[in-house]
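Just so it is clear, A, B, C, D, E and F label the chains in written order, and each chain counts residues from 1 on its own.
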Amino acid sequence: MNDRALYVGRFQPYHLGHHSVVKTIASEVDEIVIGIGSAQLSHEINDPFTGGERYLMISSSLKMEGISNYFIVPIIDIHRNAVWVSHVESLIPPVDVVYTNSDLIERLFKEKSYDVRKPPLYDRHKYAGTEVRRRIVSGERWKELIPEAAVRVICEIDGPNRMRHITGV
Amino acid sequence: MNDRALYVGRFQPYHLGHHSVVKTIASEVDEIVIGIGSAQLSHEINDPFTGGERYLMISSSLKMEGISNYFIVPIIDIHRNAVWVSHVESLIPPVDVVYTNSDLIERLFKEKSYDVRKPPLYDRHKYAGTEVRRRIVSGERWKELIPEAAVRVICEIDGPNRMRHITGV
Amino acid sequence: MNDRALYVGRFQPYHLGHHSVVKTIASEVDEIVIGIGSAQLSHEINDPFTGGERYLMISSSLKMEGISNYFIVPIIDIHRNAVWVSHVESLIPPVDVVYTNSDLIERLFKEKSYDVRKPPLYDRHKYAGTEVRRRIVSGERWKELIPEAAVRVICEIDGPNRMRHITGV
Amino acid sequence: MNDRALYVGRFQPYHLGHHSVVKTIASEVDEIVIGIGSAQLSHEINDPFTGGERYLMISSSLKMEGISNYFIVPIIDIHRNAVWVSHVESLIPPVDVVYTNSDLIERLFKEKSYDVRKPPLYDRHKYAGTEVRRRIVSGERWKELIPEAAVRVICEIDGPNRMRHITGV
Amino acid sequence: MNDRALYVGRFQPYHLGHHSVVKTIASEVDEIVIGIGSAQLSHEINDPFTGGERYLMISSSLKMEGISNYFIVPIIDIHRNAVWVSHVESLIPPVDVVYTNSDLIERLFKEKSYDVRKPPLYDRHKYAGTEVRRRIVSGERWKELIPEAAVRVICEIDGPNRMRHITGV
Amino acid sequence: MNDRALYVGRFQPYHLGHHSVVKTIASEVDEIVIGIGSAQLSHEINDPFTGGERYLMISSSLKMEGISNYFIVPIIDIHRNAVWVSHVESLIPPVDVVYTNSDLIERLFKEKSYDVRKPPLYDRHKYAGTEVRRRIVSGERWKELIPEAAVRVICEIDGPNRMRHITGV
């Protein structure tokens, strides 16, 4: 079997921090599985984009880089931590290692004897979903934080207006 | 926006009939979205493989053909036909046309004003999930009905034994 | 509190048998609560119409009769018999008596100490959901089995074509 | 088809603000569909009444006014915004226009190309669910904020004691 | 950690075949975990008793034997085979070995590397849930197939009448 | 029927306060049913332990005391207060009285005409789940708040490390 790694995030939206992590992992393993967490959520202040929209942001950005050794898998929440790893396992190709910044996800995979690692470093203060969403809603400069192809997806779906609308701005 | 088509199936397993459909559609549109239906099912006589295993069968087979303009999206059942199209829409990139052999899926998308088409022809008697599963369980020749890369996935996960086991053979 | 009765059915579709029952009960009690069972189902051979479409069939038929002492409540399945009565109680105004032809529903309400009665008689062979659906799909005369206002609803939503479509006829 | 409007709220409880909106809309369109949101919730501080109790508050209040061109539909949450409009559509008769004060509901229906309007004005500070619930729990004057028939429903079900009980007062 | 074994069944109802298996296992291991499968089902022809009623049948029968080294755990279905073992693991104390006659359950635990064994033999033709239910409904002699304490539970809850009622006999 | 009492808690973890309540009730009634609420939750800051782990804490502690007249029943949340009592009733043996400190649970059972009582007194400030969890995470003395057998369970499953891990400490 190949050397395959899992990287899970909510990607609300997919930003340059995520992008640098994915590019690094993709260059180090045979294949990377990108799990889109909370795939069922959208139109919420902290979760504005649908699973399909986030899928498109990620895949367009990777295609622009000429990267093709990836799987993208939307993962719907099941609200039961003790069963979550098994839920993920049933939806993805088998993996040898898991990359995550989440303490909870790290713990859940470690209790199932997975090799869990911290993703490569990036400026987590600047490239953070919270910061990107804040800038989009408030009308500040946000496009520089996001891969160009993902910016295009966000604009095509009228993302900034949706976000301001549901925020009541 | 690009010209994008959706093709939905259960792919239990992914066979040469599916494969010829996907190749034809992929050559005619900019991008094909392959929806894996009933993604939550596995270890049942008519649904032996997990969503992740099916994902791997499809993507390995397409990579062997050098095809890369596809999205694969596992779709968990929601058991509510009237809401199903909306459920699918929330998980996939937007599409312009839908290919399906299912009367129900055709109807559901038509009622939402989609352009629904019959997939290109293939020998549906020979290349059918039911026939493939029957052969695997009974120990007849089955590898000739399935793309080589998908055969490899099925064998790596000990698929034939699993199928015989749950069938009580 | 008033004298209120519950009558539960799937109403796929609402036919003259249901209609005569509702009219009789409505004339005998202060208020009748009509529960639309399996409200989440639609586009299936035995459950072609949505909860909303069935709601409209019933209310239009009752308005044509000048009847107004009714409540209509769509009830989604929960697949747990032991909890079902409580589920219904939480969605409807309180009732004193329950009318049903279903042995299961009769048992469930009796175990909760309800007064359960058989609905007034009608020709259950002729006025049966199964028979009505069979006629619509096969193109036989069906409009004489259904209240005029409900016929209009079924035609407006292109019901016969939907039913033939999903049946593969 | 008639000219039909949807108005969605949680109605915890149904107060004179809601009532004036419903009366105005009911006088302007052929039929009004009143959707009871979060119908599955009850016995919570912000959601004290069951779907059935709220149904009864609304229908009794409208009958007192001699209004009869309405549909009342309890709507259970599905916790997926992208699918919610489709969920509502499957439970109600088709509508041409949607009235709502909620930014989120406005956005969701607009993305599905609905004509969404602001409900007619009323004093939203005084007639607010939060204010009514606060007064009931603290024992202040609350009956003047609610239609007389709805007051009767709340008292019959021992509402004020239930609210104080679950609040721990 | 102790030597602990899991034995899963639906126990509709708990009969002498189950009882002999439980007694044998209980005498061979430190502790036996008895999982009540499909705990949410009841009032169906093949699943007449609630999880609580089955719990009581089992525990009363074991107490009569002076057996006390057991755990009883109702397990609600999740309809996802690939996740089911993990679901069970989250509800029970950890076990070293699994006893089951079900091919599916055997397969699911084996794929998670459990030691799975066939339960000790008993006359599976005579002591079978299907046969017991058939006899109860048809009024034949059934009490000799069931532990005395479980017979008492079935009679106290008016079980035979419930079963005949929902069967339409 | 016997004299049976229900006592419901989340038991995160099972501490000496719970233990004294259970011992007192168990000495006063024929049988005590201990319902483990929110049984599906685990690996959360306020809900660190699985249903199975909590089951084991309780039963080991009771066995150490020589108590055997108890039932332990994990109860998964259904997020619908109006249906919750019925949900519990379907999973447990029938009870005559309910002991709880929760205002909500007291109200829900009272509305179903149950005899609800306050549990016997204990020092609720010292013996509180919140306090125990705080001490475990911060490394303070916690073993004196918990029955010895439950301490052993928590240590065997590496509980303190899990709690610190998911808390990000």
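Following the convention adopted for this analysis, a contact is a pair of C-beta atoms (placed from the backbone, for glycine too) under 8 Å apart; a residue touches a chain by one contact, two chains touch by 3 or more.
Values in this document were obtained by computation on a predicted structure and should not be read as measured data.
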Message = Applying the touch definition from the top, give me the chains sitting in contact with each of chain B and chain F.
response = A, C, D, E
Inquiry  = With a Cα-based fit, what is the angle in degrees between chain A and its identical partner chain F, given to the nearest 5?
reply    = 120
Ask   = Whole-Å distance, chain B centre to chain E centre, using C-alpha means?
value = 37
Query = Distance-wise, how many Å sit between the C-alpha centres of chain A and chain E, to the nearest whole number?
reply = 43
Note = Per the C-alpha means, the centres of chain A and chain C lie apart by a whole-Å value of 46
Note = Within chain B, the set of residues that touch 2 or more other chains is 40, 42, 50, 80, 82, 89-90
Message = Testing understanding: with touching defined as stated, what is the shape of the graph linking the protein chains, line, ring, star, complete or other?
response = other
Key: Pairs of chains found to touch, sorted by chain label   = A-B, A-D, A-E, A-F, B-C, B-D, B-E, C-D, C-E, C-F, D-F, E-F
Key: Residues on chain E engaged by chain B in the complex (per definition of touch)   = 79-82, 103-104, 106-108, 110-111
Query = So in the complex, which bits of chain D are touching chain B?
reply = 80, 82-83, 85-87, 89-90
Residue ranges of chain A touching chain B (in the complex, touch as defined) = 1, 39-40, 42, 50-53, 55-56, 59, 68, 71-74, 76, 89-94, 156
Task = Over in the complex, which chain C residues touch chain B? Could you list them?
result = 40-44, 50, 162, 165-168
